[in-house]
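Both complexes shown next keep chain A, but they swap its partner, so chain B is in the first and chain C is in the second.
The block that comes next holds the complex of A and B.
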């Protein structure tokens, strides 16, 4: 946590709350749950623990409008050292790191946005209880000073614990609307769906949700293995712009250009740096501090034009894993058939990305959902392990599904299937500021298509075998019926043991069952 | 076998029961006990398995056999229906019943327990199985005691005994006629005074001639089956020819359907080719109305009918049948195909009422010119 810059928070917030997902009480409630849950998932990941997150949402007070809710989110994550608690929740920060990493957080604002929203709608303080050392538990009541963007600590309580467990519980009051519809679903349904799908993208997590009507939903983990931690890497030369390059130079010491490139960029060593600079016609020994704005632009353009850099390192990515995704789908949807695939990492414009997909077919859960929605190709989208619930129509995933030749895979308009697509990247190319729609980037589109084809091939084989079995069963049922009737009639003519006749007929008919 | 059936009061059918038992033992029980796939084997009643017997000049069944295997899902259904209908006939004989073929259909039709499959869907299916059984058992359905709707009507100078009753076919009232039983073989001819038999395609023409008492004036017997002849009509015609040596004249409309009806009386039909030995009457003669008659008798334009596409198609088919291959018939059919015109028997009424019975028929019979 070094070198943060502070902004004029309330001003920024009022201008941007729509794009940050806080446009109305219903959407804001949903968004607040998301921010707190994602924060908790990160805390557990940092602690290297299997997440166990509880979400409790209750209506408080009598007022019918606006409705005030108390949102409590607890995790078993790493906890927060007491000296960082006020800042972590009440100061909107901008990171100054240049490293790229697959991140959950949507806006780099995370939980603070929810806190800010809660405070301006209810004026109630935030309560944070945390334990990071397994011995001391701290409970803070906090408020934000909106003008100075500084935390105000109202009270701190401490107590000892012998449980040796870490974790954080956040209690937030906010105005919301659990029952209002957002599109075709109520906010409540969206929250449930979000939590359920979160355990698909994070199969190692358990989430328990208690809603305002005391209904409890438990989404249990389907694997007991933690996913590998995504690593941080330097930016790839194809993925930098002039602004970023300028800031990198500003925060560096006086260095020759060649050494600067070798040290600060993914896939660039001293030799590659020299080769590139020669090709670009730049002096390798030039001090970076002497680069003019024009030089910087020229350098960025040269980066983009040079095609001999290796593609960005894929080890910064953290896919769900085909096996893990499959386990989660089986646990939550219990389909008749499921196939999942993790594609090899690829890159677009200097950003590594990876696509995973799954197709689940049949079973009462999927069939029921399909019937209910009147849609037999359910789509579940994920970006960096976060479910995307809005703006499906404009998403590249939907585009691929619509143009996919399903018939070729024996999937017709009434075949109930659920399609899961996960795109992870150091930078997801969202179409709009709302960050719910992945843009039609050709490389990503191709990978999604390939992943679906892979799954659909197995599905075709499964459906084909199933149909064949059904046909064979129907054929045998017909034979059974005929044989019963024949035996009935034969004993009307001659004295014979009916049961034995049927057995004999069944025997000769099934003996060559394979032939027509 | 036919002689066996004529004994006893209503005909002894026990020999048929015995054959049913034999068939079941041979085709069902024996292979099953050897753990082999059972199948019924019978002569195919298809166009490619019939031929004209040059000696008798009737349609005969060839030697091509078809099998209905229990192990084939499609043939198994026919196999099942065959056993089912056989059981129904077996029991009808056992309990001394004489069901109609429609009764057999209703008796056979049921949903197989525990399924939604019906044993038979239409009467055509059970009728066809009955015909299969005729071939397999070597017994006609009349001999099995199965009844049908009899369309055949007869009037004229003869008396017959049916059961305990004596019927005078010349005393059937004004415009009335006698309808024989399904099994014409059970009729006993007492006296037949006629000089010939006139078979009329159409019921309406039959009625007209009957009202005029044509049969009395011309010393003949009038028979109709109202279109396609049923088995009783064919058997009756055959017996009158065979037993009393009466000439048989067939009168139909001048169109391909009429010509075909004549050919059924004369040489038989494909689907009943196994029965033509009993039913066909190779001495039957086509008295008319021939296509050439339309022009020879100068029928007025307004009674000549333009042929329809279906008529043309049928005539083209008839031209390929071996029993229409004679030069005379080929000329008739070619004339039809060339002029594309047809006429009904009643068209002669345009010349004058009574022209048919007073001029046309006597002339034709006198001349002895028939298309053969």
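The block that comes next holds the complex of A and C.
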């Protein structure tokens, strides 16, 4: 019999890092940029500031294989209190992100995976400079101890600043490959595309990227207003399981059941609580501390079976907005036609979500991309304002598109269209910890389909009118070509004034065309 | 500023359980069966016994929603020493599985996720009965404390046995939905399919399944011989990163570099070590304890750059075998034609892997399935002898099939074929912790393509011959229909003996057909 062992969580993720998107140097480089940029966006939103994020990627050393890069990401975000810095970057599953509202990351994983990957490929320490109070700037050099999941602080420096500005700069060394192709694009193109699309979903952010060849790409904000911050909410009764309910009871004082429900759940007030408890056959005055495990399970099951709760509050969500999305699409793609829609909020398993979609048609940019991709339905996916660029085949958005009845909307393989889908939720059901694929949740699937139908209906009308105009024009051109000849014949027969006759005939023809 | 917190690993997986395949009651039921069965197969292989596994699934209670099931899985495997039982089932990332050889699970995750899911949906304790020494039988009732990631032992009972047999029985309560459709099939059909396909990849195993309606499905072993056990191996130089090398050095005594390499790495003997160190410009006599972090990174990079190591030892792999796979396919699908192939072992990033494939053509079973699926290329995927039934769209196997030039092999949309692909490796690059999709690793992609080409070549030959025979037969039938008439005409002209002439003509015609 072999021995048993306990792995630390950092060790487990080290061994299974491909699950978080760190599968090869090219992909890992992309994923690291993404994790740091998303962290920066969150830090700026937490500070209530318009994000200004700089990303600098440079090759270091002369070695051709493996290629070592220095990645520097700076933001003007909220900064990190110095006592939390080591763990915030070097302890897996340590973080500030577990709240029930729309947010970008999975709790406490992303940026640590980038740090972990950098460490195992280069063994260079991580450097973090941060200012939280606008006065003291701290610079840490850090390493991870993977076996204990604890940070190792190599050095800390402090200096004063008079700028009163907060923010964080992270310098990470890692093995990567900016030039290698990942699918049909190079990693570099993917990083640029990711940053560009990020400013479609976050029109209030400016991102400046300097690449290893010193090319500078500046994606400027198109809106000077911060989007409303998503609020935190209490859990909805449909989204509660026995474990969560048990914890909520443990952290409460002795309270009657009715009051406990009214205080701790979304969409449950005293009256609704009473109504529900009567329906479930539970005593509203029972002390929650007296509930047994069986009672808790019974309560959870009753929650799920009761269909008279209002759906979860949507004010925790922060959609892009149909107008904003349309403006961003027009700015970047300049299509002939575009229609965007924001669906009303819905919910799945007690979590609110909302779908937005857009269809852009025609114009040289989209025509060019359709040819280049060899893919007649160009898809751009976003989840909680993050562009998703990998593993499209496994995503629910692709699934809906493939099964969508395009013909009904006069769209065939050669129609140049681009499709935009944004799903936001307090819990995006990602299939992987790499956050690349949205799982097949029926409710989300339905909403995506409805959003596309809405856009496609307008597109059909547009294409129909366009086709009709074209046909009409062709008919008229044909007529024009023959009208002189016909007129001559008619003149010969009826011996009338030729010019007058032609005018008459033209009038009749065009009128008939219009009334058709 | 909100507070920072540290999550326990069990808490993280609790919050992100859909990543491990626990997304809804139906899918979670499937995943739980799968995790327990795979654990049992491993336990039997560890004991060197032919697996006999029983799976019993029953609805308990009267509640219609949610449906609570009791899942009982029994095996004749090696059993678990009593001191390890609580952690083996209730502590996430605790296990016996981290070794460099082909194995089914990701370390220490699967079965705990099933236990976790059962607990949060039913709060009923887990029951484990196990016998490790053939004399003492222990029965534990257990719960998980998710916040501390520690087991809670509710009770232990011991009894003596005289049977001298080892094995484990697990009883788990969970919310599920046996009848709900997941895609085109019900969960029940998927579970049956999973168990059936498991016996294709493990022809030495017998699995008996009793479903909630008391239907009993018995999938009997078709082979009475255990497959050779995969062996454990030292890491290959191409598969080592700085973190692993640092750990290997820390756990060694003071040793000269050359001896250290020769002792601890796959495919490296004293001579190869010396040759490599000379090439890398490193001192063979240097004490490994004196290597700095920079030296370690340099050594890892030199490992990766050096192309004269033999590829990783393949004796850690345990393929199904082309003959065994063929026999299993014939037994289950009875096709008109079948070709299977086992490719030679290859490696990616220092991990050995091997691809096996099969193409089966025609016969009523496959024709029926092709019609039913509405999918002209039926695909059955296996990874380390586990059938993969979900998320096919995101899998590398599907990707290869989609881009495969089928026309070249005379296969079109209506050709009834089924494709079987098995990938085995010391590290399957799964995209998710739910173990459903193999990631796009170039080397694996290439091998799958080559394996399919090999099978498709034979298929083309078969189809070509079949088509030729059919055409020839048509030609002959046509000729036969007219030969009397023609002969009459000829007879009239040349006034010869009719019967003799017909024989002559037939001979000429059939001969010409053959030489074509």
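Just so it is clear, the second predicted complex is superposed on the first by the 398 of 516 C-alpha atoms of A that agree within 3 Å, B and C clash if a C-alpha of one lies under 4 Å from a C-alpha of the other, contacts with A are read in each partner's own complex, and residues count from 1 in each chain.
To be clear about the criterion, contacts are C-beta pairs under 8 Å (C-beta built on N, C-alpha and C of every residue); 3 or more make two chains touch, one makes a residue touch a chain.
Note that this is a predicted model, so its numbers are computed, not measured.
*Asks:* Could you tell me if A:136 is touching chain B, chain C, both of them or neither one (first, second, both, neither)?
*Replies:* A:136 sits against neither chain B nor chain C.
*Asks:* Considering only the touch criterion stated at the top, classify A:507 as touching first (chain B), second (chain C), both, or neither.
*Replies:* first
*Asks:* Which holds for A:475: it touches chain B only (first), chain C only (second), both, or neither?
*Replies:* Touch status of A:475: first partner only.
*Asks:* Looking at the overlay, does A:65 come into contact with chain B only (first), chain C only (second), both, or neither?
*Replies:* Once the two structures are laid over each other on A, A:65 reaches chain C alone.
*Asks:* After the superposition on A, what does A:241 contact: first (chain B), second (chain C), both or neither?
*Replies:* Second partner only, chain C.
*Asks:* What's your read, chain B or chain C touching more residues of chain A?
*Replies:* The partner with more contacted residues on chain A is C.
*Asks:* Contact-wise, after the overlay, does A:415 reach chain B, chain C, both or neither (first, second, both, neither)?
*Replies:* In the superposition, A:415 contacts neither chain B nor chain C.
*Asks:* Once the two structures are superposed, pull the chain A residues common to the chain B and chain C interfaces.
*Replies:* Shared contact residues on chain A (touching chain B in one complex, chain C in the other): none at all.
*Asks:* Mind listing the chain B positions that touch chain A in their complex?
*Replies:* Those in contact with chain A are residues 20-21, 24-25, 28-29, 31-33, 35-38, 70-73, 76-77, 79-80, 83-84, 86-87, 90-91, 112-115, 117, 119.
*Asks:* Can you tell me which positions in chain A touch chain B when the two form their complex?
*Replies:* Per the touch definition, chain A meets chain B at residues 475, 477-482, 484-486, 489-490, 492-494, 496, 501, 504-505, 507-509, 511-512, 515-516.
*Asks:* Quick check: in the complex, which residue numbers of chain C touch chain A?
*Replies:* 1-9, 11-12, 14-16, 18-19, 23-24, 46, 63, 65-66, 78, 81, 84, 87-88, 91, 93-96, 98-99, 106-109, 119-123, 132, 146-147, 241-244, 246-247, 293-294, 296-297, 301, 304-305, 349, 391, 393-395, 398-399, 429-434, 437, 439, 441
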